[in-house]
Amino acid sequence: MFISIEKLQNEIPQSNPDPKAANALQEVLGGKFGEMRVMMQYMFQTFNFRGTAKPYQDLLRSIASEEIGHVELVSYTINMMLEGSTNSSDDPTSLTMSSALDSPNIHHFLVAGQSSRPVDAVGNPFLGEYIYDSGHLPLDLIYNLIAEATGSLQMCRLYQMSDNKAFRATLAFLIARDHAHQKAWAKALELMGVKWSDQIFAIPHFDFSKLPEVKEHMERNLHNQQWTFTNGPSQMSKIFSGESPFGKDQTLEAIDGFPVGFSIPQLPEAPQEFSSGLLQSGIMDKISQKI
Amino acid sequence: MFISIEKLQNEIPQSNPDPKAANALQEVLGGKFGEMRVMMQYMFQTFNFRGTAKPYQDLLRSIASEEIGHVELVSYTINMMLEGSTNSSDDPTSLTMSSALDSPNIHHFLVAGQSSRPVDAVGNPFLGEYIYDSGHLPLDLIYNLIAEATGSLQMCRLYQMSDNKAFRATLAFLIARDHAHQKAWAKALELMGVKWSDQIFAIPHFDFSKLPEVKEHMERNLHNQQWTFTNGPSQMSKIFSGESPFGKDQTLEAIDGFPVGFSIPQLPEAPQEFSSGLLQSGIMDKISQKI
Amino acid sequence: MFISIEKLQNEIPQSNPDPKAANALQEVLGGKFGEMRVMMQYMFQTFNFRGTAKPYQDLLRSIASEEIGHVELVSYTINMMLEGSTNSSDDPTSLTMSSALDSPNIHHFLVAGQSSRPVDAVGNPFLGEYIYDSGHLPLDLIYNLIAEATGSLQMCRLYQMSDNKAFRATLAFLIARDHAHQKAWAKALELMGVKWSDQIFAIPHFDFSKLPEVKEHMERNLHNQQWTFTNGPSQMSKIFSGESPFGKDQTLEAIDGFPVGFSIPQLPEAPQEFSSGLLQSGIMDKISQKI
Amino acid sequence: MFISIEKLQNEIPQSNPDPKAANALQEVLGGKFGEMRVMMQYMFQTFNFRGTAKPYQDLLRSIASEEIGHVELVSYTINMMLEGSTNSSDDPTSLTMSSALDSPNIHHFLVAGQSSRPVDAVGNPFLGEYIYDSGHLPLDLIYNLIAEATGSLQMCRLYQMSDNKAFRATLAFLIARDHAHQKAWAKALELMGVKWSDQIFAIPHFDFSKLPEVKEHMERNLHNQQWTFTNGPSQMSKIFSGESPFGKDQTLEAIDGFPVGFSIPQLPEAPQEFSSGLLQSGIMDKISQKI
Amino acid sequence: MFISIEKLQNEIPQSNPDPKAANALQEVLGGKFGEMRVMMQYMFQTFNFRGTAKPYQDLLRSIASEEIGHVELVSYTINMMLEGSTNSSDDPTSLTMSSALDSPNIHHFLVAGQSSRPVDAVGNPFLGEYIYDSGHLPLDLIYNLIAEATGSLQMCRLYQMSDNKAFRATLAFLIARDHAHQKAWAKALELMGVKWSDQIFAIPHFDFSKLPEVKEHMERNLHNQQWTFTNGPSQMSKIFSGESPFGKDQTLEAIDGFPVGFSIPQLPEAPQEFSSGLLQSGIMDKISQKI
Amino acid sequence: MFISIEKLQNEIPQSNPDPKAANALQEVLGGKFGEMRVMMQYMFQTFNFRGTAKPYQDLLRSIASEEIGHVELVSYTINMMLEGSTNSSDDPTSLTMSSALDSPNIHHFLVAGQSSRPVDAVGNPFLGEYIYDSGHLPLDLIYNLIAEATGSLQMCRLYQMSDNKAFRATLAFLIARDHAHQKAWAKALELMGVKWSDQIFAIPHFDFSKLPEVKEHMERNLHNQQWTFTNGPSQMSKIFSGESPFGKDQTLEAIDGFPVGFSIPQLPEAPQEFSSGLLQSGIMDKISQKI
């Protein structure tokens, strides 16, 4: 069972409308190595877990739970970046949405109401096929490690594509979290005997403190922490603790529960999109007396 | 943000190995109108919500959160029904897994470790394409209504295919919950002016108390209740309260928080599947000193 | 059995080459809620119809038949808008088709011969997966209602993206027809007991007479009419008649047969596309003596 | 524009319930070389036709129109063969639909209401990707020729898989028609200069009069005829006439209009499927007073 | 550039017709971790290789080349196992192919001519989406390692499903080769600093000499060897040499060129399949005078 | 079995960065009628070959082998054209990759490391579904003929879209080769009795010597030659010899073995892509002492 906490895991700064960068960020939402995929992958590995190595299942459950919030965070970031890229008008024959024809994914405006979609950055829909769950724990863990590494690599490439504030803020947060997750899976395997190279990991190998938004998170030690994201006890810290598997004098820190979080932004009506559809029709007036 | 509660929403009774019925149940997990789909659909509608009708967003968020637990419940039910359908042996050349060749989805045994898969009952993978989110609130709500109705229809058909105890227990629970959800979306639309027919709804129109497992849940009023599935305040009850939109002297009941739940079953090692893979290799011995 | 009437259901005005808007219109042809989908969906519901409520089957058959013509109309509109966007030349090494590299769907020029494709506006191919046919008549009817509503919503969004004449003419015609279809399915359900809200429907709720091209069709009452699109008797009018299910003093009007229609445009040769391929090769000379 | 004629192109004899053979027949409906595909392919080629070789466009239009009726015919045949494979019961807890677990496509019973689906014989959904339309007329015609040949080859393989009467009747009719269509496309290319081998064609090369159901159709010359399937004039006969392109002293015969056809069977209610859903709910009583 | 050597890499023993096991083996051909996928994956990594670490590119090229032969080997094995599962007859109305209705993939008989297909063991077609090529060499190498490990895991599961001789012979050969490939990728990463655990690898961790067919290959040291599969010089041995990365006193052995190989079996005509189609038609007589 | 020859079949001239044309060329790599498809299609037809017409199987094997090299050639051409379209920088916060947002396929930069992808020109992944293999030899041969013709048609359209040198060089080479392949399949069918029209073929019918890059290859007779691409004997020349099936006084020429070929270009590191990833991390220093 899962419950929602009505907060975002990170803050999304105000930004200019930027449908191109918003579309690029779709890779992190619905792409082959995006958040929808790792969320579902870790869920399946948690639910299908076999055997008695409970701390491993607890680790899977915690990160699975965290990833739901990543889907939420990326979805909101895309929405904030799409906001304002088309406009409403009193004249229904005016070309209020012509910019959609130049947008990399017209579905943001045509199928959704100027909002995020369960697709990647070239518009291909999310596939359940992406989900990896072999039942063989060490194999699943290595796959998880490179799933995070691939996501991290892609986000570092994205970072160089736009300096939109909302875009970089969300990427920086997720880069820090993906590094913590790389450490989690690597540590889980280290306990089984693998010794990782601190020259390869975390992937991509690079001094992230050069990226100011990531540096800020690193100063808060976000890249070495893992919340349990559960309301109950967890044996996760039997794995996620001690020295980082990638060395460098870093110490893993498990924390019970979940972070305080940030307010969820409220998206305004977009009448040109007939979204929510309640204003033009007068329904809002009607229901506002009741709710 | 979301957190996990380490409980199942319903109990799964012990059952015999039954890969055929287990496979049929995959439709409820990864099918076009299965739990993965409604979970993701309601999430997208929550995150992409526009305007100020906050009680509607709260309702979407609550049911989205509940559905994550449904994915979990169905996944575990399939696992319990697959359990025991192949066997381990000391002789690695023996045909311990030959039954897989007669199973409707060989991937349960070949790709996964005798466990659930993100696919439907004919083995087609889950598609992000299934997710509906138009941005137009009334339209989304009607779609949600028929998504639940279609799910319910399919589960009523499934119920007639097998009397496996675990199978029927999970179906019965979900039939009751889908009815509550049909009422939720229908009520949300009723506030906007639609008057539903009590002859059509809840779909499929039928006296469910004739199904003993469903009757039990109805006696607990499960088909008229909705938990908020959040740790905070919610305006959901501004919608989900008062008379059922389908009449019949029933009253909708909103409840803060989440139910107590049931223990999560622990799946045993399946050495023939090399799952978890820790026993044969001696890794379990090694890590058990550390965790 | 079906036969063709060599006419279009609406006229397509001459327009400038406009591959971007043409591509946007692909959503109406091959998209998830496009004409290919509703055509196939209504056919399957007609052929798989169970029981004795023949007027319902007749209604399904009529609208299915009409939709084939919509596929034709949208296909021709796209072709008319693509026409002239690349050019032929006597010099085969000249860059006659370089504009294709800037077109949103290069397949219009590379795979097809400057013509429409069975894909949506982001280039994803039509999927049989879109087709909904549950066998449960009321459920199918509600789904049909929101399929039309979703199509209508998308076309109203498209209308704001371009003022290309051919584009808006076809959208306006289809918006009027989709409204008639929303009424058809809503009326069919009204007979079963549902009372629709005139504040929600037809979706998107909006005074369409503000769109001049739609207004023209409304003045001809096109949004309240339904031809039987068959050569024989039909009980369709037992459903499609009387007051509109959305009120507003409108009366539904069933008409036997099919409209007069408009001449089908003839597309010229496109030698740069080797389409039809008969000119350069001299085949046209050869066969013109025979045919 | 297209209209429906409420007749089937061939008669479907009564048959025993046979879900396995019914499922095999799905290949002819929704498979890569099934009727949905050729219907859509010929439509796209008709609508996207370029140049002045009007008889070729007329031929495409006629066969496209005929194929819609083939989709209908195969759909009804599958339905007739599924009929009776599950049963209704007064006891809703009885296992009336357990046979669905042994059926090759459980979706016939679980997703549809014991009826045909837009999928192939292994359950993979129809793909718009199948449709071939290059814009180059000779190329399209050769592709059409082998599309029909492939369909015919598959139907000849199917014929050997079951002697179910409905199954063989529909296959035999379509084998005869596919041969006529192979001749149509081959003749169209012969006019352009290709000389086909009577040793290769029609594919599969084989004395079809040995199949009694096909022989009957051949005696009516069905394999050499082509109706125009339009209500108006057509230049189709400028191509489809004279000697068969495959020799053997056969003469092609073009016929204006469309055949008389056969009554469309009426499928009974299937209460176990909640299909149509009108009986159990009492809706049928209600609407029967109105319609 | 690549050339063919008309030999198989391993011998396929005669076996009984076994369409169920043959279908299971499709996973190894067209599955997500099958031979088509690794072949294409290693090709893309070879062609897209960046930088000067030439021995790594040579290793990729060699294993890519080897995998083409694995596609061939599995394809022939499936064909040998399908052979004889349907029969020809002089009576074209007899049910020579009725067994196809009980086969797990009817397409083996209906779409192909009793032969292998580019699909997995549940009939889902191969997807280019499977191919992983990130451009980041260490990441690609780890992915390759677990691609081989996953393939190996699946083949060890398959081994327990049937004792068909052809089935087990091909599995045993590929298990041995996959282990050599796991060593290749692991060694390539070991040079970069990773120390692998001999308790985890090769996956699945298990004494393979207990499988008699694998043991035979191990006695020939096949699990420690790598041919260059090129006609020219290769720096592959700079990586593939020295101690196995998984320890156990094993030494890696690079060999120039390619193995001698085994004769390719010749598949007989299958007249019931119209395959090759040359016999019934008399074409074989005709061309045999010319070729 | 197959081996690699470390040469390209044609030379790729230096060109400017051109991500748009590079993306268009993806159709030739991963498109429905691209090189990956014909490579796999001919392989399946070779491996699944039935009967004794060995020269036909040898022809299939030779062209299958050649096509692997075409995949390689197109892959490298795309890479050469992508090269330089993004840049590295010492400042990790600079927008070195912003051009990716304007590229038609952002995955070239985001998923791959500025390199080719297994997708078509609209970004849709390669599908195993494309592969045609009916088992009926004449049918397979006609399909192969039009597969080559369709590929050729598309490449002639592409030629008119850009005059990038690398782009046109590779297209010209493949146009010449596709024509040789059209002749191969047509000749194979001519032996069975079909007489092709020299007015239709080779498709597209057009004087290719007007394209200077193609003319050069024609002067070397490349459009009439076929290497065996094997190290052993081959009966291919029993088919591929004598007069061209398309007339015009051309003679087919079979050649044993394979051409000399051209050096394979070496792609530089792309640090902005973290590709290969060895430079920034210091791994290159480390391994360069060992390899």
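Read from first to last, the chains carry the letters A, B, C, D, E and F; within each, the first residue is number 1.
Here is the rule we use: a contact is a pair of C-beta atoms (placed from the backbone, for glycine too) under 8 Å apart; a residue touches a chain by one contact, two chains touch by 3 or more.
None of these values were measured; they are calculated from a predicted model.
Shared contacts of chain A and chain E, meaning chains that touch the two of them, come down to B, F.
Both chain B and chain D derive from one sequence, and where they touch, under half of the residue numbers involved are common to the two copies.
For the pairs B-C and C-D, the larger set of C-beta contacts lies at C-D. Once the centre of each chain is set as its mean CA position, chain A and chain D turn out to be 48 Å apart. Look at where the CA atoms of chain A average out and do the same for chain F: the two points lie 38 Å apart. In chain A, the residues that touch at least two other chains are 32, 111, 123-125, 127, 129, 134, 136, 138-139, 153, 192-193, 199-200, 203-204, 273-274, 277, 281, 283, 286. Per the contact rule defined earlier, chains pair up in contact as A-B, A-C, A-E, A-F, B-C, B-D, B-E, C-D, C-F, D-E, D-F, E-F. Contact residues of chain F toward chain C in the complex are 20-21, 23-24, 27, 31-32, 104, 121-124, 153-154, 156-163, 199-200, 203-206, 210-212.
Those residues of chain D that touch chain B in the complex are listed here as 86, 92-98, 100-102, 105-107, 109-111, 123-125, 272-274, 277, 280-283, 286.
In the complex of the two chains, the chain C residues touching chain D come out as 1-9, 30, 36, 40, 43-44, 47-53, 55-56, 61-62, 64-65, 68-69, 71-72, 75-76, 79, 111-119, 125-129, 131, 133-139, 191-193, 229-232, 235, 238-239, 257-259, 261, 266-270, 273-279, 281, 283-284, 286-288, 290-291. Chain E contributes residues 32, 127, 129, 134, 136, 138-139, 142-143, 145-146, 149-150, 153, 189, 192-200, 203-204 to its touches with chain A in the complex.
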